[in-house]
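Below you'll find a set of structures to go through.
Shared chain: chain A. Partners: chain B in the first complex, chain C in the second.
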Partner chain A sequence: MQECVRAKNEPAPNKILKITAGLKKAAFLNYVVALFLILTINFLVPRLMPGDPLQAIYGSEALLVITPELQEELTHRFSLDRPLGEQYLSYLTSLCRGDLGHSYYYNTPVLKVISGFLPWTLLLAGLALLISTLLGFFLGVESGFRRGRTLDRVLLGGVMLFSGFPDFFMGIVLLLFFGVFLSLVPLSGALTPYAGHSGLLLVMDLLHHLALPLGALVLVRLTGTYLLTRNTMITTLGEAFILTARAKGCPERVIRYRHAGRNTLLPVVTAAGLQFAHLVTGTLFVEIVFSYPGLGSLLYKSLLTRDYPLMVGILLVITIVVLTINLLLDVFYSKLDPRVAKCT
Partner chain B sequence: MRRLFSQPLLLSVLILSLLIPALTGCGAAQREKEAAGLQDTAYTIADPTGDWGFPSPFTHYLRGPGYVRMSYIFDTLLWKDSQGYIPALAKSWEFLKDENAYLFKLQDRVTWHDGQPFTAKDVAFSFNYLREHNYEWINLDVVQRAEAADDQTVKLYLNRPYAPFLEYIAGTIPILPEHIWKDVGEPGQFVQKEALIGTGPFKLKDYSKEQGTYLYEANSQYYQGTPKTGQLKFVKVGSEMTAAALRQKQVNAAQVPPELAGELKKEGFLGLTGGHDYVAKLMFNHRKAPLDNVEFRRALACAIDRQALVTICQRGFGLEGSSGLVPPDSPWYNPAAAAVYPFAPDKTGELLAGLGYAKNGAYFEKDGKVLELELLISSAGSGPGSPSEREGEMIKNMLEDAGIKIDLRSLETKTLDNRVNEWKFDLALSGHGGMGADPEFLNKIIVGTGFNSARFDKNEELNSLLGQQMKEMDPDKRKELINRVQEVYAREMPCLPLYYPTWYYAADKTVPLYFTLQGIGNGIPQPYNKMAFL
Partner chain C sequence: MHVNYWREVHTTGPGRFGLGLLILMATAAVLAPLLTGYQPTAHTGAPFMAPSAQHWLGTNDVGQDIWTRLLYGARTSLMVGGGVALLSLCLSILAGCSAALLGGLYDRLMMRLVDALIIIPPVIVAILAAAYLRPNTTLLIVVLSLLLWPGGARIVRAQTLSLKERMPVYAARTFGAGRLHLLFNHIIPDLGPILIALMIQDTRRAVFMEAGLSFLGVCDPTMISWGKMMQHALKFVYLDVWKWWLLPAGFALSLTVMGFTFTGFALETALNPRLRKEAGHADN
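Our next item is the complex of A and B:
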């Protein structure tokens, strides 16, 4: 009998593995399709606008500054004198080479300009995502575990209050209080210019400058994670396996984190991925409040100077970063919850 | 993984232990002071934008502050202070009328930052090189050729008499070292250390595009004396934070919001009130009826209370627009042309009645049609004091009170400029800088072809006066011509100057900063003239 059952079930794991691999491919394919759609829109919009496409790509103000030779070179580089299909091909191949166009304000290739600013945004947004998720998770677990008690009420009230503020507003409030009123933190920038710091002092200086922009982002962004964790925690605590754990005599701390916490983590990771796109947008505004040298400041400047290629380049880079983070979280998710890898 | 999440407390403590010292640890202000103790003579200037490009003639961004950062390193033939022209690389100059040329006697014993001697050949080379490589900051078409007569004498021949020569060319063109630039084929891409060798009072030690910072070091060999400031720094500080940065002694000088200027002055800071370089204007489409009629434009001008725009919209920080276009604090101002159209809504009624309009209810009508105009405004101002929706609403109310129906349209600045450029508008609210520079600006904004210009060429007298003022080499005669330009302009009113916003700067008293007569170089309205640091 047992043998019979085994024989019937034997091919099943192989099938599941195949299906999983297929699904993973499909998920990856989704990202590729999304990227292509974005690239295509990016390519089509300036070219479908009435008038000279070079003017749509660069803006008429830029064309006054750009020399005729450079104009000719740009027309040639974008293949603007060729049919649309060929233009698209040349657009994609130049993207593969890392050619995002030429910033007329900086008079430098767009990628070169962006690569100087991107690390600062990644530092700020990455740390904000990490800290807000961890802190939101931790507070959510503690709050959910103590549902209805004083700590839960205080946390819930406080976090809800902060979530009502836009991040840049929180930034301004923090800057006014800690920077202007208490003079505890620097008023702008990412490091003290020409202070001659190195090693640990430089790291401290960076953290000192990072404290407020990061604080503003974390305070506003942890709400989503906190509420999600708290609610999931409450639901999870009512599950039968928690009762079993309690009956086994597991200590509170172990139940809280190893049993309930780990199960609560799953939706939190999904939400973190979804939140990243919003976080990046928030970062752009916060950077401007703190004169922080990231993509936000750069985008703002490109808007002021109407440097279209730079604007498009920044948006493209942000899109790619957001897609990559989501893809990584998808992979991480299946590692975190083995059921996903087997059952999806 | 399990271990990580079973120790959340440890993790939070770790994060907090990183953040708390960062928050409370050695403050930036404290460290700044320590640095100041070591570098007694460092001077820091705050700038909300920060990055203005690599400070070499071909690579700084084509905006005023970019030129100023380059001017610390590169000298010109002559320079300006608050009173007028002063010698720089040329110790004296003379206009040779017969040859239509300028003769410059150069300073002795000037050396480049790399120790090479500076000679007249460098000057001649610079003019030829800049012209060949299409120097974008200044158009050099008017210079026919530059010749070095001997090591200390240079002669610049002009194609035609050109009144703003000293201002725009001798006082603005940076002189380059021939031994470095002669081999540079693509100056726009020249960003090596050698591109920063000049004769100026400062040498560049560092520039960071990302942080938007510049660090200069005094040139102890400077031929006009060693700068008193050992180091000069430009740092990026948001405009809202400048007052706090000044108070916390993080910076020595900054542009400040007008509301805080008085307060800072009371606290002992040096208050610097800028000249009125920016003008907010009401553009008329004078190629289209009924605005092509000068009487109609005058009627509109009388309906607008310009002083109220300053008092209410600019909160008093500005000057009322002068009908003659030139701001009242300019040396070229003609008071006779200023108040041609005082606020008089009754006069508007009279003028419109003279044109055949009759009031029916709240609005004027003609041939049964209500007098209605479209007013384009920019949804967000493009700079401090630039007109936006607030000013647009107020002008709409004023014109409607006078009986002219206004259809207010808020557009993005770029779209507005395009509509104006293509003459697809009735009225538009716009503005631009450059009013404090050499009166060549009058030609640019009256008959020039840009979208900031009135593009008004219907009045032969005005065209001829503008042409003459560019050629008149005698300053007194030129002043007379400019006076007449203002009178004719006020009479024709191709577009109405509304107000000139006032810009404020504040600084501690370590360096006596001042505003340059007609702006630094070709008219940059900033108080950071390099000569203030000597």
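Our next item is the complex of A and C:
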């Protein structure tokens, strides 16, 4: 460990700096390319559909209420009468202005609708990520250390059984058991409507509504972190420095967490970031089951009402959130472990 | 060193459990017409009938036999899973092997593309595409494969790069073997276990995604799918029907996914020499 600290304090050689800068640039480029690919899919699919592109963009139901003048205006707005290249350009510029279109179901700009629902999703997904990573890490370390013994077998079997449940089905099972059968928790929503709670009561009410969706997500998402920690733990325990620690007479607990656990942390943190995309999509499905007022429920509603601009807007916002989180993680990755900064 | 992967998978507990589940599901899917007397789309009785001798799991809101739909749902699930696994595997091999064997600018461009595609969250793009296309089984397989191949391509490329420097390949090259000969006779056979692990992983993800998309209702309305059964059943939770409509569909889906998870876990343990039993340390 001391060596690593020293390496961090010393000024790194220029060559290494250059390589890491290059890597970061490459990583950044990947995200830009990915974003453009998604935007392009989003732009091309409705326009390549057979029939009127306006109908594909706005859905057939919407056009029933549209007057010829409005249709004229919309055609002009999407530049649908001009060549594809110009259409693409106008699509991108309107996106840069933050114009995601107009939700005809809510009769408000899409961005405004989304911004009301986004915080709930972020709350649910963020807490789920935190809890499932911490719990998965803890269980993984304990399980990997006791490889082959009863506790390890029970944990391994149990956690893997849970992972087989799709997020939404786990949500349904929890909902039916705790909500319908035991009537312990409310069946839907994020807050008791018109209760007018404040302060501690509000927080309690919030947690009461949050418990089941959060529980479902954590139970299903635990597996990734758990299996990775367990596997890394097993490989780390075979390393020479563990033998040294044992030879020194370090207590088991110290070896488990300070020596092996700490070295297991890096891939786990990286994987937590990569899992974020899965977690967010899982959150969408779980929200639908619990009618939690986040983007998932909004997405479901937009699909049912065929409010296409809203649907596309939600998916774009989610994609941008996921990409941003992963990019940030890539950039700060080297800071997590001095070895990475030194070796790359 | 040659490891008998098959033996290692089917003699361990998780492997046996996983394979058992998969065989069960595959049997149900293949023998569906023999296991039920009804057609999945036929209206066979009054709506919301409780389980009885005629209808093992009762009937749904339009009087279709739920047990029959459950069996035919296994077909859709496994067909989409298997189809996506095969197609995306072919794409992965094509991209990964060609990048590794040709090298140079092509390799760099291909890997840049793969790196960018890997970041794209597949479920979100799948929802987007499916909402417009309302895909049937075939189209769904194509869409999902196009989203899932990059992960495999990266693994195949890395493995091919290491394989192509090995002795037998080197020897074959000195005898004048062409790239295609190397690929089909030396590299792909040696990739075997890794390709199977990849396929299991892709199948699992595809089954998941198919169920998710149909749960959202963004697929061909005529498809018989567990996800769609759950979406419909969820609307009637206030009745007792969830016991034989919602739960069986969910458990069938979960057991299928579990089958793939456990088999994949057993194979991964066999493939990773450090995780194999003989290499056990730490605990003894």
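Here is the rule we go by: the second predicted complex is superposed on the first by the 325 of 344 C-alpha atoms of A that agree within 3 Å, B and C clash if a C-alpha of one lies under 4 Å from a C-alpha of the other, contacts with A are read in each partner's own complex, and residues count from 1 in each chain.
The working rule: contacts are C-beta pairs under 8 Å (C-beta built on N, C-alpha and C of every residue); 3 or more make two chains touch, one makes a residue touch a chain.
None of the values given here were measured: they were computed from a predicted structure.
Once chain A is used to superpose the two complexes, chain B occupies space that clashes with chain C. Once chain A of one complex is fitted onto chain A of the other, the partner contacts of A:N107 are limited to chain B, with no touch recorded for chain C.
In the superposition on chain A, A:V180 makes contact with both chain B and chain C.
When the shared chain is aligned, no partner comes close enough to touch A:G224: not chain B, not chain C. Contacts of A:P309 after superposition on the shared chain: neither chain B nor chain C is touched. Contacts of A:P213 after superposition: neither chain B nor chain C is touched. Within the superposed three-chain model, A:F117 lies in touch with chain B and out of touch with chain C [touch as defined at top].
When the shared chain is aligned, no partner comes close enough to touch A:G136: not chain B, not chain C. When both complexes are overlaid on chain A, the residue A:F290 reaches chain B alone and has no touch with chain C. Residues 180, 288-289 of chain A are contacted both by chain B in one complex and by chain C in the other.
On chain C, the positions that touch chain A within their shared complex are 14, 112-113, 115-117, 119-121, 123-125, 127-129, 131-133, 208, 211-212, 215-218, 230, 234, 237, 242, 246-247, 250, 253-255, 257-258, 261-262, 265, 272, 274-275, 279-283. For chain A in complex with chain C, the touching residues are 26, 29-31, 33-34, 37-38, 41-42, 45-46, 49, 56, 144-149, 156-157, 160-161, 163-166, 168-169, 172-173, 176, 180, 227, 231, 234-235, 237-238, 242, 277-278, 280-281, 285, 288-289, 299-300, 303-304, 308, 311-312, 315, 318-319, 322-323, 326. Considering their complex, residues 59-61, 65, 67, 105-107, 113, 116-117, 120, 131, 134-135, 137-138, 141, 175, 178-180, 183-196, 204-205, 207-211, 214-215, 253-254, 257-258, 261-262, 265, 288-291, 293, 301, 306, 336 of chain A touch chain B. Residues 1-2, 5-6, 8, 11-12, 15, 18-19, 21-29, 31-32, 35, 48-51, 53, 59, 61-62, 134, 136, 188, 206, 208-213, 215, 231, 233, 235-238, 241, 244-245, 248, 250, 414, 418 of chain B are the ones touching chain A in the complex.
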